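Here the structure is laid out as structure tokens; the discussion comes afterwards.
Letters A, B, C, D and E name the chains as they come in the text, with residue numbers starting at 1 for each one.
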Amino acid sequence: MTFSRSRLFIFSLLICFLGSFTVLAQDDENVLLYGGNQDIDNIDPAVGENYSINAALVSLYDPLFILRGEEIEPLLVDTWEVSDDATVWTFNLKQNATFHDGSPVNAAAVVYSFNRLLEIQGPPVYRWAGIADLTSAQATDEFTVQFTLLQPFAPFIGTLTQLYIVNPAIVEANRGEDFGQTYLKEQDAGSGPFTVGRWEIGNLYEFVAVPEYWGGWSSENHPDRVLWIIRRDSASQVNSLLANETHIADTIDLRDAERINGTEGYHVESNAGLFVNTLKFNTQGEYTSDLNVRMAVSYAMNYEALPQVLDIPVELMPGPTPLGMAGSVADLEVPTFDLDRAREYLAQSPWPEGGFALDYVYVSGLTFEEVAGLVLLEGLAELNITLNMTPMLWPDMVASCSAPESGPDIVNIYTQPAYLDMDAHLFNQYHSTQWGSYNSCGFYSNEQVDTLLSDARVTGDQAARLEMYAEAQRLIAADQPAIWTYSQNAVLGFNDCIGGYVFRPLESLSVLFRDLSMDNCPTA
Amino acid sequence: MTDTPLLQVRDLQKAFPVRGGLFNRPIATANVIDGVSFDVPRGQTLGLVGESGSGKTTIGKCVIRLIEPTSGQILFDGLDLMKLSGRELRERRTDMQMIYQAPGASLNSRMTVGQIVGEALWLHERLNGWAARDRVMKLLEVVGLKPEHYHRFPHEFSGGQQQRIGIARALAVRPQLLVLDEPTSALDVSVQAQVLNLLSDLQREFKLTFLFISHDLGVVRYLCDQVALLYLGKLVEIADVNRIFDEPKHPYTQALISAIPEPDPDEKRAIITLSGDLSRRRPTRGCPFAPRCQAAKLEICDTVEPPLIETGDGHRVACHLHTGAQA
Amino acid sequence: MAETPVLVQPDRDGSPRLENFRRAVYRFRTNTLSMIGLIMLIFIVVIAVTAPYIAPHPEDALGKTRVTARLVAPNAEFPFGTDNVGRDIFSRLLLGTGLALQVGIVIIVLATTIGVTIGALSGYFGGWVDEILMRLTDIFLTVPALILAIAVTAALGKGIINVMIGIALVWWPGFARLTRSLVLSLKEEPFVEAARGLGASHLRVLFRHVLPNALSPIIVKMSTDFGFAVLTAAALSFIGLGAQPPTPEWGSMINEGRDYFPQQWWVATFPGMAIFLLVFSWNLLGDGLRDVLDPRSRR
Amino acid sequence: MPETLLDIQALHVEFKTFDGVSKVLAGVDLRMERGDVLGLVGETGCGKSLTALAVPRLIPTPPGKITSGRVLFNGEDVLQKSPNEMQRLRAKHLGMIFQDPTTNLNPLFTIREQLVDAVLYQRMDAQHVPGRWKGFLPSARQTRLNAARRAVELLGLVGISDGDKRISDYPHQFSGGMRQRVLIAMALAGEPDLLIADEPTTALDVTIQAQILNLINDLVKRLGLSVLLITHNLGVVAHTCTRVAVMYAGRVIEQAPVRELFKNPKHPYTRGLLQAVPTRHTQRGDLQGIAGSIPNLNTPPGGCRFHPRCPQVMDRCQVAVPSNVVVGQDHRTECYLYPEGA
Amino acid sequence: MLFRYYFLRRLILIIPLLLGLSLLTFFIARVLPGDPVGLAAGPQATQEIKEALRREFGLDQPLPVQYVTYVLDLFRGDWGQSLYSRRDVSADIAVYFPATLELTITAIVFATLLGVPAGMISAIYRSQLPDHITRVLALFFVSFPAFWLAMIFQLIFGLELNWFPIGRRLNALATPPEAITGMYTLDSLLRLDFGTFALSLQHLILPALVLSFGSLASITRITRASMLEALDKDSVRMERALGIPYRVIVTKYVLRSALIATVTIISLEFGWLMAGAVLVETIFDWPGMGLYAVESSLRLDFQPIMGITIVYGIVFSLINILADFIVGVLDPRIRYG
């Protein structure tokens, strides 16, 4: 009896270890294994928006314009015209674009997709709020769309990178009561180079290449399949990459980067993006409404320490805007870590001796934000100012940003422009009409700035616009409504077999799978 | 003492709900005590005898309303206890106390003897401090304990001594009636004798009335003036102690008495052995004792329940053999 | 009444309460494991009290960072190494000891207070009171503890105090059930009936007769639950709901160290060990207390 | 010369308690012949149950411990036997029943399961008994079936006539008296030489007690059983036993044939006991108890352990333990009132 | 009272429990100060967009109306949508729940297989060396923070020794078995796909083991205590007196009574493990209810929180009823009422 029992045990052990040698079926197709830190919640282009969703959408769908590198390239659009007042935009579409079912991507589909976005009023729609309505888009002929905006809007093309064209036939067939939202949650109706494969929620998502993609592939060795494997943990991200369980890993910190670069066959791409961290002062707050206090606090921040403690590659900010953005002003005088200057400023405030406390609010659990607070806390201690580190649940933080009364003294916010234009960076943060959303949690109000930002929106001339933005930046910097800390690099770990990656300052973490090539990629 | 009995129990009934069905609602009732009536004259002792499960303890607790009877009348000194409100009842509690079967379990093991007896004084006379202490000391002396026991915990005493503490606590409120629920059944013979003697002395000294619950006929014979026999919640016989022992009428009484093991090897009596045991399920009709009855059974026994009938000299019995039903 | 009773117990000095206590101590002392637990615990308490004086870098618990000495491996100056902003982990552990103890104590005391009250009322009065309170308890028992704790923490706002309240709110049903069952059996005891028979009020019976006798199992549960409460609080900190930085809270220290594991193993390892030691010592102690106080295992 | 079945010699047993070591048995000498029904009488805590438990070696160890003495059963010292030999001895030669029939049956198993096991282990050697799992084998199944048949017979023997039906019931479906009968049936399954009955009727009502005593008397007559009957009830002894031994505080202080003891008690404790039972002749106020209560066995009184309660105490009683003296036909006691060799 | 009546009643009583539970969760979730709509609508959402979202999710209605609507929808099988991902809660739970269930069941099996024998040994050798060792070991393992132990185990057994994969339910390239129960091990067995079974088992062992430690001590302790109690019973003395070998007494008679208490504690522990699985799930990247619960809670995403609570409520109740049933089978004395 004992004998048989032990045999059973050995047998079960064998089964276990045999399992690890089971050869997973592999043809000679290129399977790209992507280690993604985040779930892909929903792939309805009218509903979702974040880096993982965007990576999926841009693979499944084609937008009118696509971000490639630092440029906005026409994708479905062939040629276009704009009226002088930046109100009427006319786009001529490429005539060879087809949806996955073979039907053409025509003007009607564009109008349908745009109106669907407006109807559903999902998160992506704020770009066109007040700018376009259901009458704005019109198909003037089979392949020509004309947008007549409600007001002039110069950065319009930038917003069109988020207008993914859906196949009206499929959506209508699955319209249901919610404009096809249920259907499009996990299925695509696009014209993009990939279509949906295995879809295991919370675990893994598969994108299957469309062999005869209308736009053609940039490489012969394009991925035949992309597996988005959720790796929430940064340690397991790196381990999987180095174990060839993934080919690209998207959560890499400095030490991981060293490890990857130090390993033969792997490398890291680290580029300054437009993902910007700021500590916003509540400019309507009890203490922080005082410019001297804001200046004092800003001078007490040990900026140089940040890159060292953050473990991620960052670029310190030269002012309100990151360097990589067209129109950024580089020669602003911004505070440095200088406790003497800080004391001078504080001395001019109503509280020359300090002795008050400021709340520092950040999203609980986010180490970067916590560490930045710790650095500030140490500096403020020298000024006899207490910093109450206040971690909050994200929705709580959002709620507290809804009005100046509940707004925290200092809040740590990451921002990213919604489209590649200075407008997208400055307007929502510093225009006084934007109060209430958490990007404008500083409750900044300056009439001159308001005017400049509004005017720049409606000006067609790009040079003139940039001049306005430069002026606005100078004004904002003088008011110091925030401590501009750093912009965070996008860091991706690659297996050397992956080619064709081009960094995009915007959408910096969303990899364009369609441009990648694979050269004998190893698979564990 | 020919005035009204201190305690008069009339048609006492206690039913427990039987639950069942999908929602566990009461669907029927089970009568644990079924129409019991008796009197206990002042200064006397009534013995309530029956096997376990006969309902004798329930009667004891109903009498002092530690359990709410379902129906019936309990007249204490002419006062109907059933009509008292909670507060009034709490005040009348002074007059009637209970002595429990398990002396250890009836004492709070977290309190000292002084606290246990003292609590009774506090509750009824708001007596505390030195005055209470003196009274407690006196009570301890009365029940045969020593002053140095004042600070000790119950578990440090033997069973007999624990029972004395219980008695002292009961006496503290100067009761008139003591319900003694098998006060000696957990004690050794030698100690049992001490406690019985103590009770007997106290009864004389304080003019106490006892309701003595027991299954031990030997003890009952020793201490009681009257004996009531209980079978399945009904009285089957009640009479003076001597009459019961000298001429028991009910077959059940006869069997019980014959089964007392007398400590005398020469006394060769015929033991009447009852078959079966006290079954919780009483027959639906007829005499509840009929299934076990050793006496010549009559047809009527299985059909009609015999009433409790006086056969003279306050001797009452519930048996067809004695109710003139033979004919 | 001729005879004089003889004492069962030999005469001895001192009050009986002291004697009881001494007997319990004796029984406890014979249990080696619980003695080890107790000694460990005393040691931990001593550390908690003296931490500000013995910690090499006490300022590290107050917001001092050391950018130049980040993630230093354990060495003479930093016995347990430093964390991601260069704080001495050893000092922070020492200075966090008091908080860790407080967390456990506050949670358990709160939970016991709520649970015992509800359980006692429910068990003693029975009927619809029991029905309502027990259904409430069931509901609280069924809510996933973590969700409720997160929700309560979110509702009450920031801070370790609210984490403690949150956990206590999910912790009390255990005590309520225990107390109820104890009270249910105790209220059938003759001594309780005797107290009622003497005319004692319900409150008096409950608080003077019933509850004191239910104390031992409750104390045992308190001591064994202590460790689990500390672990739960640490888990919430780990999720990111813990104490406000720079408070040296052990659970959040592990959380901070997680990003640096396994290369900089010391950042997470030492706080983990600290939690382990605290919980382990309580568990050992609780096991011993069970032997001493719990009648079921008293043989 | 009758055959000696059980001979306990100078048995000492100690119990470790938190208050110290309790000398529970302090030199018990007890002897019974085959065919005897020996009543072992005494009050709570006098050690009568422990004495009985020492025979099948069932004293819980720890905290209990047999420190010295011999227990000769059929001439062999059971204290020297190995655990396996003891198990066999209990199975085949000893039967034992206890006070509370409710707790002594396992409530989770049917009477059949328990009774069949009793039959099998008392009839067969342990390694041949088919277990539950092997019970599916045909041969083993047959063995258990046979045992079940025997079990029904045993139930009949103890007066449960519908045993074939009731055997499938669980203990809680039986009344107290029936359970005690079942226990007796189990104890008798192996036809033991000695039945040890530890307060078999104490937990029962008086009418049931009479039934059980009748049954034991009947079995003694029919099977020629030897019984060691432990009880505190002198009435039970008077009607059931042939000989009596009285214990006090860990020693047997008097033993005699039953009639002799009741008619002619010698030891003051025995006399006290007999006077403490109310009989039909006791008048109110006449009842005599024994003063005081039993001593603390952690610190027992020196000399005769009864001396603090003894109405006839003498100086020497407090110094040394009196030796066993013969005071009549087969009548021995331990008391200084009676001169040695008288 | 009849057996089946009793269980039928217990089943029916789950409904009011769930109502109470949902009420509690509903109002806790709704009185929170957070602004999940603002979060879900995105950083630059206008008031109109937020209002539209509120309207769509019915959050503009008075609370009682919202609750009643929710409950009515629930009875119609509509568990609502996540505010954040817009996915159906029921669909998400259908995916996440089996993962957690698989993990929890395996963990409780581990804890039982280790804890019950440990408790038995402990009881049989009371106050001797084996007893001390088992007790200390059980207390030892339960004293670790589970998430910390998970990290250490991952390091030792995953990265250093390379015995087990360090996370997830299955290799990325392996196809999970077609769902029957959603539990990979069970499904692969049912589909006779032994390779996948072995693979998923391999992934399962480490997280389940870490999770099981939390319950190991209580199961050991209860088994020990109830064994001791059972060993101390008069019936054991009687069985010994009958000459039944000790081995048989322990494994046949004593074990069954000891198991009665243990079954109850196992059912309670199951609930605890299920709720506590989140920590292990986080470390081992196990896509289960715990992760889902925490993510939803941190976002105050009402509908998933409600759905999760209700699922937990049902599972806890069913497990309790199951435990009662097993106890009823083990113990013939139990009367239902």
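By our rule, a residue touches a chain if its C-beta (ideal position, glycine included) is under 8 Å from a C-beta of that chain, and two chains touch if they have at least 3 such contacts.
Note that the coordinates shown come from a computational prediction; the quantities given were computed from them, not determined experimentally.
The chain pair with the larger count of C-beta pairs in contact, out of C-D and B-D, is B-D.
Using the mean of the Cα atoms as each chain's centre, the chain most removed from chain B is A.
As a whole-number value, the distance joining the C-alpha centres of chain B and chain D reads 32 Å. Chain geometry summary: the mean Cα position of chain A and that of chain C are 45 Å apart. Chain B and chain C have Cα centroids separated by 48 Å. Averaging Cα coordinates per chain places chain D and chain E 52 Å apart. Within chain B, contacts with two or more other chains are made by residues 158, 160-161, 194, 197. Shown for chain E are the residues in touch with two or more other chains, namely 32-34, 159, 282, 298, 300. Contact with two or more other chains is made by residues 364-365, 393, 396 of chain A. Per the touch definition, chain B reaches chain C in the complex via residues 61, 64, 66, 90-91, 93-94, 97-98, 100-102, 105-110, 112, 119-120, 123-124, 144-146, 151-153, 156-158, 160-161, 164, 166, 169, 173, 194, 197-198, 201. Against chain C, the residues of chain A that register as touching in their complex are 234-235, 253, 255, 302, 305, 308-309, 311, 364-367, 370-371, 373-375, 377-378, 381, 387-393, 396. Against chain B, the residues of chain C that register as touching in their complex are 1, 3-5, 7-9, 15-16, 20, 189-191, 193-201, 204, 208-209, 212-213. Against chain C, the residues of chain D that register as touching in their complex are 18-19, 289-293, 295-296, 298-299, 308-309. Residue ranges on chain E touching chain D, taken from their complex, read 127, 233-235, 237-246, 248, 252-253, 256-257, 260, 330-333.
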